[in-house]
Structures are given as C-alpha cells and as structure tokens.
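Below are structures written as structure tokens.
The same chain A turns up in both complexes below, where it pairs with chain B and then with chain C.
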Partner chain A sequence: MRPAIFSVCSDPSTLPQWQWFACYLTTGKHLAFYGSFGVVLLLLAITAPAALLFGFGAAASARSHFAPLSWLGKLYIAIVRGVPDIAFFLFFVIALDQGFEWLRHEIKCPDWDQPIRQGNDFVVCPAAKLPLGTAPQWVHETYGFFLAVLTFAIVFGAFAGNVLYGAMRAVPRPQIETAEAYGMSHRQAFWRILVPQMWVYALPGLSNLWMVLIKATPLLFLLGVEDIVYWARELGGSKTARFTDYPHGDWRMWYFLVLLVFYLVFTRLSEMVLTRIMRRLSHGQATAAGEAQRRSAGGPP
Partner chain B sequence: MKHLILGTALLALTAGMGAAQTVRLGTEGAYPPYNFIDDNGQVAGFERVLGDELCKRAELTCEWVTNDWDSIIPNLVSGNYDAIIAGMSITDERKQVVDFSENYTPPSPSAYMAKSADADIENGVIAAQTGTIQAAHIASTGATLLEFPSPDETVAAVQSDEADAVLADKDYLIPVVEESGGALVFVGDDLPLGGGIGMAFRKSDPELRGKFDAAIKSMKADGSLNNLIIEYLGEDSPHF
Partner chain C sequence: MSCWQTVQDYGLRAIGIGERLLPRDDFTLCQQFTLIGSGMMWNIYFGLLALLAGFFLATALAVGKSSRHRLLRKPAEWFIFVFRGSPLFIQFFFAYFLFLSLKGVSPFFDAFTSAWLGALVVLFFNTAAYSGEIFYGALLSIPRGDLEAADAYGFTGWNKFRKITWPTMLRLAWPAYTNEAIFLFHATTLVFFSGFPARQQRGDALYYASYFADKTFNPFIPYPILAMYFILLTLTVVSVFGLINKRLNRHLPTERRRPLRIRPNLLR
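So, the complex of A and B:
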C-alpha cells in the first residue's frame, strides 16, 4: 500500500474529524478525482478550436459552388445533427478505432490470411493494434482521450458548421457585391469581407454550443475516459469498512454538489468572457449592437 | 494430476516463447468484494488477486483496465482489452457473443435485499444492474424492473425507497447488510442464477482462453482458489 501523504493517516478510524477529512480528501483516489478536472479542462481547450475548425470546413464547403463539395458539407452537418449524441458516442468511437486499426492492418500486414471480422470479433494483426498491445496503460489512456477529442470535435463541428453557415448567409449581401465591384475574386471576397464579418452573427450560436459542450463532458466516461462524473459517482457511493479505510454512507449528493458548483462557476466565467468578445466584435458593425456602440461613443445619429 | 503438471509445464514453455506479451484485463471496478477501486485508486478485490495470480501462473504480464459495465463486452470484442474479469456470470446469452473460461466461482446464489423482511418481491419494484442475470430474472417475473448502470446505485435506490428491493449477487450484498446495522435485510430465499462466474474472451482468441483455463484448473487443484474465495467472499460462499 502506498504511504498516505500525511503520516497520521495510517489509522484513520482513530482520528478527530478534521484530520480524518484531511486524510480522506488526500487519498490516491481523491487525487485522481482532482486530476480529472484537469482532464475535462484540457478536453475543452483542445475540442473547442478543433470543433470550430471542423465547423468552418463544413460551412465553407456547404456554400461552395462546386456541387459535390457542397453536398458533402451539407451531408455531414445533416447526419451528425440528426443522430442522437449517445448513440454516436457509443457506436462511433468503436467504429473510428476499428477504422484506424483496419487501415494500419492493410498497410502493415499485407500477408495476413485470417478474416478481420470473425463473428462479433474484430481481429487485426498485433502490429496493427492501436495502441500496440504492449504499450503501457498511459498510452492507451492518451489514445482514448484523443479519440474522445476527435469524436467531440466531429459532433460539435457539425453544429458549429450549421451556425457558421447561417452566419455567412447573414452577412449583408451588398457587402459581397461591393467587394466584387472592387474586382475581388470569390476567394478574396470570402476571406477579406465575409469571414471577418460573420463572427458577430455566429457568436450567439457558438456561445450556446460552448455551453452545451461544457455540459456534455460527462459523456467522456462512455468513451472510457475517467472524468469528474465517474469519480464523483465512484467516491460518493457508500463504502463499507471492509473495502476502505474511510467508510461512509451515500455521499454522492455532496460530490455532485461540488460538480454543480464547478460547472456553474465555469459557465458563468464563460458567459463573462463571451460578453466581452461580443462587445469587441460588434464594434463598427452594421448591427443593432454595433450601432448602439457607435451612438454611445458620440457618433452622428 | 500428472497430465495437469505436464500441461502446465508445456504451457509455461509456449508462454515463454511469446514473451513480453501484455494481456489487458478489463474489469468494472464497482462491484466489491469482486472488484472495486481502493483508496489509492487501484483496482482491488477478489478478482484483482485472482487475476494477478492467474497471470503469474500463465506467465503473462497483465494490465488492469476499468470499463463501464454497459460497454464492457463491445469493448472486448473490438479488441480494447483481451479478457473480462468482472464478476460476470456465465450465461447462454453471453456465450453467443464471447467465450468463457472455466468458472472460477461455483454458481453462487443471488438474493433480494430490502428495508424490511415483508417487502413485496413478487409484484413490487425491484432494482438491478443493467445487463445482469438478475435484471433478466426480474424481467421474467411479475415484478417491475428498475435498472441502474452501477451496482451501488441499486442499493441506493432501496435506501431512498425508490425500489422495494434489490436483486444482486449475494456476495455483493452480504457486506452491505452487515454494515447497515439491521436497516437492510435479506428477503425470501436465495436464487440460484447463472452458471458460476468466469472470465470472458473473444471467440477468436482460444489460445489465451486456454492459458487462463489451465491456470484456473491449477488453482482449483491446489486449493488456492478455495482459499481466495473464503478470504474475499466469505466462509458461506460456495466453493469448489
């Protein structure tokens, strides 16, 4: 057994209450719980820009003049938006993982003679396993994490794609016409006129998505990543003295209360940041908010 | 016995040839005394000790992986780990998807637990974990089945009066009843469900299953499995 952080923790049942809690809250299990907050924040930090990128690609291709590309973008948005998240998360990650392994299998083991599908089983050659069967557990966990990031990015990318597609169409048409009148090509008008102006229309929708993404992180455990909800459930469940040095009743309420506070503080902070971004983006725009800013700054009516 | 020793020796030899093979063992980590997460965040319990010993006998390097019960079989067949050792009863339904090792506990009884001995287990609301033999049993009776993703939540449902009783492996419920100080009691007779607990393997992986089968046989033969059962599951739990 690993020594506890405080030496007094060797026999918790004899301790006064505050020390008992000091020991209880610093068990290896609790440290893993605290670490999982970092995992969730890291997931959000990577997923949000990745999803935005997916969304931007989807929106840009959906309004492409090249029909197949446009269909592809619209198909992606329609399919992902239509499939329930939970089905997507249960099915898609396994499919994605198998897809990767199948590709590696085709490349690395060309002379493998057994079928890949054997009944329910999915069998590739050992060299094609991802990560390799011999890899340490942290590699598996990191791989699982990035699979989760990719899945989240694909799902939220579709929603972001729809928001951005709408935002691109919301930019007043005369803006583009003016650009074209100045002799800009399609591409130039898109990058120099449309993209800078669309954000102000996209932000309300994107901020909604960000909030939903924050709340969707508990789906992580479906993907095998031990997130804060997993640990809260695990730590809060009642424990009998036979299996722990710190027996307690059903404390899930308190743990979930901590999660509630975490999520509320986090969404509140997000709201504050998003409001500031919105104010900055509205500056100089021909929208109601931009107009209000101009007037309050003393501009002519 | 002689064949057994010979077999084990042969096995040890072949295992040595494919050295450095890491076998990943999938478990739930929420089902004491079979498997649970200890204070240090490590997998512990009956199956942890058993699994480590089996790996030692089969000369395999083993690594523990926790996975949600709901997706424990899909993740096995898609190759995320190589075996399930998670208090999984051997049933015909599961045998269609995975192959089981020899059972490492005899068929052990399931039991109803409730707040009072006169709880209505025939027509009441009974809690059970999703996808277990107990859930399947309740569905076949007149009672209303209330499913939960983890075993802990089924007990909590009884405590909060959400369910009239819970049906689970008796080995899981015994510590709960003992620690409750009389607040929770067993109701009715024990039910013999399932064909004992075994490890589950991919159907395409008979080689690995063979290694563990041999190790389980050798533990049955020298009595160490019985000792483990008595130590972790209690004197009353059936053993070999």
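So, the complex of A and C:
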C-alpha cells in the first residue's frame, strides 16, 4: 500500500472528523481519481482538433466536384443523423479493434489458413494481436485510450463536418465569384477566401459542438477507460473495515454530485470563453453581430 | 426452430413475457431482429412519456424564465442550466444513487430505483429543460405586432396566453422541438448503461444489441439492426411532427410557412 501523505494518517480510526477526511481524500486511489480528471481533459484536448480535422475533410469532400467523393462526404455526415451516438461508440470500439487486428493479421501472417471468424470467436494469429499478449499493462491502457480517442474523433468529426459544410455554404457567394474574377483557381479560392471566412459562421455550431463534446466525455467509461465515472463508482461504493482503513457507507451519490458540479462549472467556463471568442471573431465581419459591434463603437450608421 | 417461433418466444421478452432465457449460442439473424425490436418498446415508452410530460413542464419553464419576477425566473433558469449543462449520463447515475439512498428513508422511493420510473423521471426533467430553453427562445421571438394586436382586441391574461402567445410560441419553436424529440429518443438508449439495472435482462434495444455484440464478438450485425430500427423511429417522429407543424402553420399564407429542417447537432 502507498504510504500516506500525512504522517498522522497511519491509524485513521482514531482521527477526528476533519483529519479523517483529509486523510481519506488523499489516499492513493483518490489521487488516481483526481488524475482521471486529467484523462478527461486530455481526451478533450486531443479529440477536439482531431474531430475538427475529420470534419474539415468531410465537409471539403462533400463539396467536391468529383461525385463519389462528394457522396462519401455526405454519407459520412448523414449517417450519424438517424442513429443514437452511443450505439456508434459501442460499435466503433469493437469494429476498429477488429479492423486493426485483421489488417495486421493479413500483413504479418499471410500463410494462416484458418478462418478469422470461427463461430462466436474472432481469431487472428498471435503476432497480430493488439496489443501483444506479452505487452505490459500500460500499453493495454494506452491502446484502449487511443481507440476511444479515435472513436470520439470519428463520431464528432461527422458532427463537425455538418457544421463546417453549412458554414462553407453560408459564406456569401459573391466572395468566391470575386476571387474567381481576379483569376484565382478553385483551389486558391477555397483556401484563401472560403476557409478564412467560414469560421465566423461555423463558430456558433462549433461552440455548441464543444459543449456536446464535454458532455460526451463520461461515455469514456463505456469504452472501458478508467475515467472519472469508473473511479466515482469504485470509490463511492460502501467499504467495510476489513478491506480498507477508511470504512464508509454508500457514498456514490456524493461522488456523482461532485462530477455533476465539475461538469456544470466546466460548461459555464467554456460558455464564457466562447462568448469572448465570438465577440473577437465578429469584429469587422459583415454579419449582424459585427454590425452591432460597429454601431455600438460609434461608427457611422 | 422457425423464425415465427422465435418471434413468439422473444417478441415481448423486453417486458418479461415469453422465454426467460436469452439465446446463448447459435445466434440467428431472426433472434437478433426480434430481441432488438422487442427492446425498442422501452425506448418508445421512455421517449413518448418523457416527451408528453416534459412538454407541459417545458412550457412552464419557458414562461418562468421570461417572467419579470425574480422568484419565478431564477428557479427556472437554474433548472434549465443544471439539466442542460451536465451530461445526461451523469444525471442518470446521480439520480439512481440518490433514489437508492432515499429508499432507506422511505419505502415510497422503492419504485424510483427501477428504470421504468426512475429513469423516466430523469428523462422527463432533462427533456423539459432542453425544450424549455427552445420554447423560451421562441417566446422571445414572437412578433410584437401579434401581441399588440391581441391587446387591441381586448385579450388579457390567461386568455391571451392560451389563444395568442402559446400557439405562436409553439409554431416558432416547432422545428427545433422536433430535433429535441428525435434526440430524446436517442438519449433513451443510455438508460440501461448508466446506474439503472436491467432486471432479469429486460433491457432496451441497445442493451440487447450490445448483448449480441459481446456474445458473438461481431458488431457488424446487431448494431446495424439497431440503426435500422432507430432510423425508422426517427422517420416516424419526423412525419408525426411534420403533420403537427402543418396544423400549427395552417393559418399562414403558403410562402410564409416554415418547412421542418432537421439539424442534428445534439447529444447529451
């Protein structure tokens, strides 16, 4: 067992209440619980740009003049419409895992003659297992986290693609026509005119998406990552004196209350930051918000 | 075993009627279709009841939030903020453990620890908060001329609200409210993956889909089946709400009617 942080914690049963709590809240498992908040933030930090990238690819390909590419982009965007997202999460985690193993299987064991699906089992050669059976625990955990990030990026990429596609269409048409009149090619007009201008139209949708992404993070638990939900269930459950120095009843309600408050605070903070960004981006834009800013700054009507 | 036999055995399995044991091996396509379809009953039950009850609370919340009295406005604002600002998943967990500890206080809360009531309450509050915000936005965008005309005709108080404000609010909010309904149905899949236990393996569609995916280790069959059911459900919701939308807009000249546009950007 980890040595306690405070030396008084060696015999918790004799402590007065506030000290007991100070000791209880700094046990090794609780430190892991606090660390898992970091996991959530890490997931957000990696997923948000990845999803944006996926979404940008989807939106750009949906606009493509090459029909199959455009269908592919539109299909990707459309497919998340009708189906519950949690089903996607559960589906992709297994499907991606099997996909990777199958690919490695094809490359590493070309002379394997048994079928991959044997009844209810999915069998690949040992060298193709992901992670390898001999890999240490942290590799397994990192791989699980990586799968989760990829799943999030795929699902949210479709959402972001939808937003960006709309934003690209919202950029006034004459802007592109002017660019073409100046002799820019399609590609140039796309990168120099359309992309810089679309963000102000995309931001309301993207900030909505950010909120949604924050609220989707507890689903990490369903993907088998040891996140805050996992630890809250683990630590909150009632403990008897036989297994721990800190016996207590069923406190899961309080742990989940903490999570609830964490998410509320996080959402509120994000809201405040996004409002500021929106104000900055609207500055000087030919939109209603930009116009209102100009008026209030005392510009000519 | 014929497929019809399977339907008889498992068609109502989700509500505890029929064969008690779930299939354990030799899974057929028919079994997967039947059981996942049977689970859809729970999704429809949760979605429909929460939507119906939530509609009224949402109206109250919208009126409360736009009220000038602090005592009415603040609670409505906080209610909407709490339920919109936190993940539904966490709300389910918290509610379940809350009911679990309240159970010790009074036997009245016994029923709340099972999904059919406890999860329904959470979904009801949740959808009320989301729709309340939608209705509030619509309330703010009612054309001032409509209200002035109502005043000029001598409408006041409840009569004015019932005959003028409320129908106009609904008409303006309806496209967004349709989205909310769709995503509420999607959100019902979370119930049996949060704290609420599926007693005797009576679960919803996703519960059975993931059961099959776990047992067969093949996600490519059950999840597309689930997707198909949900797309059907979504289409039904869209067409029903489209009919209501038509009725709400029937007094307007054709060119001012707003068609329904479904914009998917929600997940709780």
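To be clear about the criterion, the second predicted complex is superposed on the first by the 297 of 301 C-alpha atoms of A that agree within 3 Å, B and C clash if a C-alpha of one lies under 4 Å from a C-alpha of the other, contacts with A are read in each partner's own complex, and residues count from 1 in each chain.
Simple rule for what comes next: a residue touches a chain if its C-beta (ideal position, glycine included) is under 8 Å from a C-beta of that chain, and two chains touch if they have at least 3 such contacts.
In this text the structure is predicted, and so the values were computed from the model without any measurement.
Steric overlap between chain B and chain C is present once the structures are superposed on chain A.
With both structures placed on the common chain, the touch criterion links A:Thr14 to neither chain B nor chain C. By the touch criterion defined above, A:Ser296 lies against neither chain B nor chain C after alignment on the C-alpha atoms of chain A.
Contact with chain C, but none with chain B, is seen for A:Ala87 once the two complexes are overlaid on the shared chain.
Once the two complexes are laid over each other on the shared chain, residue contacts for A:Val163 go to chain C alone; chain B is not touched. Once the two complexes are laid over each other on the shared chain, residue contacts for A:Thr267 go to chain C alone; chain B is not touched.
By the touch criterion defined above, A:Asn208 lies against chain C but remains apart from chain B after alignment on the C-alpha atoms of chain A.
Once chain A of one complex is fitted onto chain A of the other, the partner contacts of A:Asp250 extend to both chain B and chain C. In the superposed model, A:Asp121 lies in contact with both chain B and chain C. In the superposition on chain A, contact is made by A:Leu222 with both chain B and chain C. Overlap of the chain B and chain C interfaces on chain A comprises residues 90, 94, 98, 119-122, 221-222, 233, 250, 252.
Residues of chain B that touch chain A in their complex: 20-22, 24, 29-30, 32-33, 36-42, 44-45, 63, 65-68, 71, 74-75, 77-80, 82, 97-98, 150, 152-153, 155-156, 159, 175-176, 178-179, 202-205. Considering their complex, residues 1-2, 27-29, 31-32, 90, 94, 97-98, 101, 118-124, 129, 133-137, 140, 221-222, 224, 226, 233-234, 237-238, 240-247, 250, 252 of chain A touch chain B. The residues of chain A lying in touch with chain C in their complex are 80-87, 90-91, 94-95, 98, 117, 119-122, 159, 162-163, 205, 208-209, 212, 214-219, 221-222, 229, 232-233, 236, 250, 252-253, 256-257, 259-260, 263-264, 267-268. Taken together, the chain C residues at the contact with chain A in this complex read 25, 27, 81-82, 85-91, 93-94, 97-98, 100-101, 185-187, 189-190, 193, 206, 209-210, 213, 215-220, 223, 226-227, 230-231, 234-235, 262-268.
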